[in-house]
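First up is the structure itself, then whatever we jot down about it.
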Amino acid sequence: MGKGRLEAFSDGVIAILITIMVLEVHVPQGGDLASLRPLLPTFLAYVMSFVYIGIYWNNHHHMFHVVERVGGSVLWANLHLLFWLSLVPFVTNWMGDHHADALPTAIYGGVLLMAAMAYTLLQNTILAHEGPDSMLARAVGHDWKGKLSLALYVAAIPLAFVNAWFADALYATVALIWLVPDRRIESRVNR
Amino acid sequence: MGKGRLEAFSDGVIAILITIMVLEVHVPQGGDLASLRPLLPTFLAYVMSFVYIGIYWNNHHHMFHVVERVGGSVLWANLHLLFWLSLVPFVTNWMGDHHADALPTAIYGGVLLMAAMAYTLLQNTILAHEGPDSMLARAVGHDWKGKLSLALYVAAIPLAFVNAWFADALYATVALIWLVPDRRIESRVNR
Amino acid sequence: MGKGRLEAFSDGVIAILITIMVLEVHVPQGGDLASLRPLLPTFLAYVMSFVYIGIYWNNHHHMFHVVERVGGSVLWANLHLLFWLSLVPFVTNWMGDHHADALPTAIYGGVLLMAAMAYTLLQNTILAHEGPDSMLARAVGHDWKGKLSLALYVAAIPLAFVNAWFADALYATVALIWLVPDRRIESRVNR
Amino acid sequence: MGKGRLEAFSDGVIAILITIMVLEVHVPQGGDLASLRPLLPTFLAYVMSFVYIGIYWNNHHHMFHVVERVGGSVLWANLHLLFWLSLVPFVTNWMGDHHADALPTAIYGGVLLMAAMAYTLLQNTILAHEGPDSMLARAVGHDWKGKLSLALYVAAIPLAFVNAWFADALYATVALIWLVPDRRIESRVNR
């Protein structure tokens, strides 16, 4: 099976997810600054989730760039990743509305954790087919970024019950880790 | 006519359908576990419909993989399938809100039944053009999965009026039948 | 300029339009047949608009199939068509909610008329570039379907003020005219 | 990295943005002309934003037409542009609801300004890679349209606090500047 439609379908789902989140930043009733201020937590949650979904799209793009053909198990592992990403708008809005509460912040981290595990599963499914000497295997290497992210999510979820801001800080940290350019795959491709 | 745009358009519609369903999982008013609990039936209905739409995309992907060119009748048979799939978010949310009621559960099955019949019609439209010796005809074979699914939907709809859970169990059974990897087309393609 | 991105962008917009209309078929409060019945006019309006948007996608697909390259004027004529189509969900829902009122029914026809004129304009913009001996020019011919549709819309709009059902019947007639397979372009391509 | 997926993802996001804005033009309660009239400002704001997003898609299309390969920095500069564009539906609806108020009108201009700066940044990121003798560099030239747009936005934002219509007039002026066909890239490609 060619990878074209898997990429197109994933692009479609991710494009919709990154866009519909903004529908939940509800237009304020008034036209002055005071009516805009309560939107700030929701807006910040939107920015963080936009960056996260952008990171997933970016990594997805890079990973499939070095894959040629995909089988049925990759299609399902990819849908599994898209399922967890599809919950991001829900948890983003819930956390935005209740940013001081522990549970929404913890569940936001739980969805990020599940998405990260789904991404790792997808990567392993592809690697099992590509083999340890493939370009992808060498590019991924020990995948310390992936492992560190999982560890930070696992730490953040209980911390949300101590103070939601601690968890938020860890979520932002993971985003920054991935925003720093990752040249692994690009440098292997030797454009 | 090439199949590229039909695939791209179908990918777009299916990607939107699988994503907008989550918009109806309304963000709860409160920030605690008690306010999350009423969402459980809606969430489970969302998961089942996500899997169903994923199965349709997967099968659609496999079917068109072995088709080269499509005529006007295939375009319309495909739009007919997309029409019934487009009703899935509506019936998912209705069933999620009224999971103990017979009618929403039965109508959910009715939409699944119509979608399955539309898929069979699309398959037959393509097969009429491809011929009985085509790769698709050999891959589809007797299509026992398709026939069994239709039979289970037909059984589930009246059962919903006995007990909605009986129907739900049958819907889940059909989903599981299709989740089990179907190697028919892939094995014929001999990657 | 290649036509690939124009097709992909149009597919995206049309796929979204055909799908988001269903979001306005609001999930009923109750779980019985009585709560489903008030949705019937909205549902029928949805079906008609689904067919209309399907027809536009189908014709768009066929037209661009025989075009190789597109210039800036085609990009804008295409966006102009998409603008009028983007109003279809709004007028569909308004007509569905007020199906006995003259104005929503007339404005529904007005949007269909503007979309049809925008399609004709797009076609003429392409034909001006392709020339009178092009495959598209020969396939379009005298375009009696397009001209008849415009005439029926122009007749339907004042008729809506006599009786909304007269206008609805004409809208359905135009849809049926286009649903009948149009082999003009396909037969020229000589698959 | 090939540019295909970047284009497909951007097309998806832009197609969704241009389409979901119409969801906020709420269907009126009544079926007569009086209930339609309050929608006029929202509708006009929708038309202007539709044109703006159409312009961005058009320019994006032209720019990437003459680019062959893209690196990670271009992916992120592109996502940065999409982020600001994703705020257009929100500010469009807010301005439509409060068209006489200074702040929504000023913030609408602020989002347009940020999007224009993000576009310039994306263009510069690509140019840094393509070099001063590239087809894109020659097509962009001194980019007076881009610079004039930035200047007009900067002028419009404080003017919104004098009179919202002054700012609206400048936003419309910028849109008209870009609607006038820009043959720079097309003429270089020498179709």
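Per-chain numbering from 1; labels A, B, C and D assigned in written order.
In the analysis below, a residue touches a chain if its C-beta (ideal position, glycine included) is under 8 Å from a C-beta of that chain, and two chains touch if they have at least 3 such contacts.
Remember, predicted model here, so these are calculated numbers, not experimental data.
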Rotation, 0 to 180 degrees and nearest 5, that superposes subunit C on copy subunit D via CA atoms: 90
Numbering shared by both copies at the subunit D-subunit A contact, with half separating same from different: different
Intercentroid distance (Cα basis), subunit C paired with subunit B, Å: 26
Gap in Å, rounded to a whole number, between the CA centres of subunit C and subunit A: 37
In subunit C, residues with contacts to at least two other chains: 8, 12, 15-16, 20, 23
Partner subunit D, residues of subunit C touching it in the complex: 1-2, 5-6, 8-9, 12-13, 15-17, 20, 23-24, 69, 71-73, 75-76, 79, 82-83, 86-87, 89-90, 93-94, 97-98, 100-101, 103-104, 107
Contact footprint of subunit C on subunit D as seen in their complex: 7-8, 11-12, 14-16, 18-20, 22-23, 25, 27-28, 30-33, 36, 47, 50, 54, 57-58, 61-62, 65, 179, 181-183, 186, 189, 191
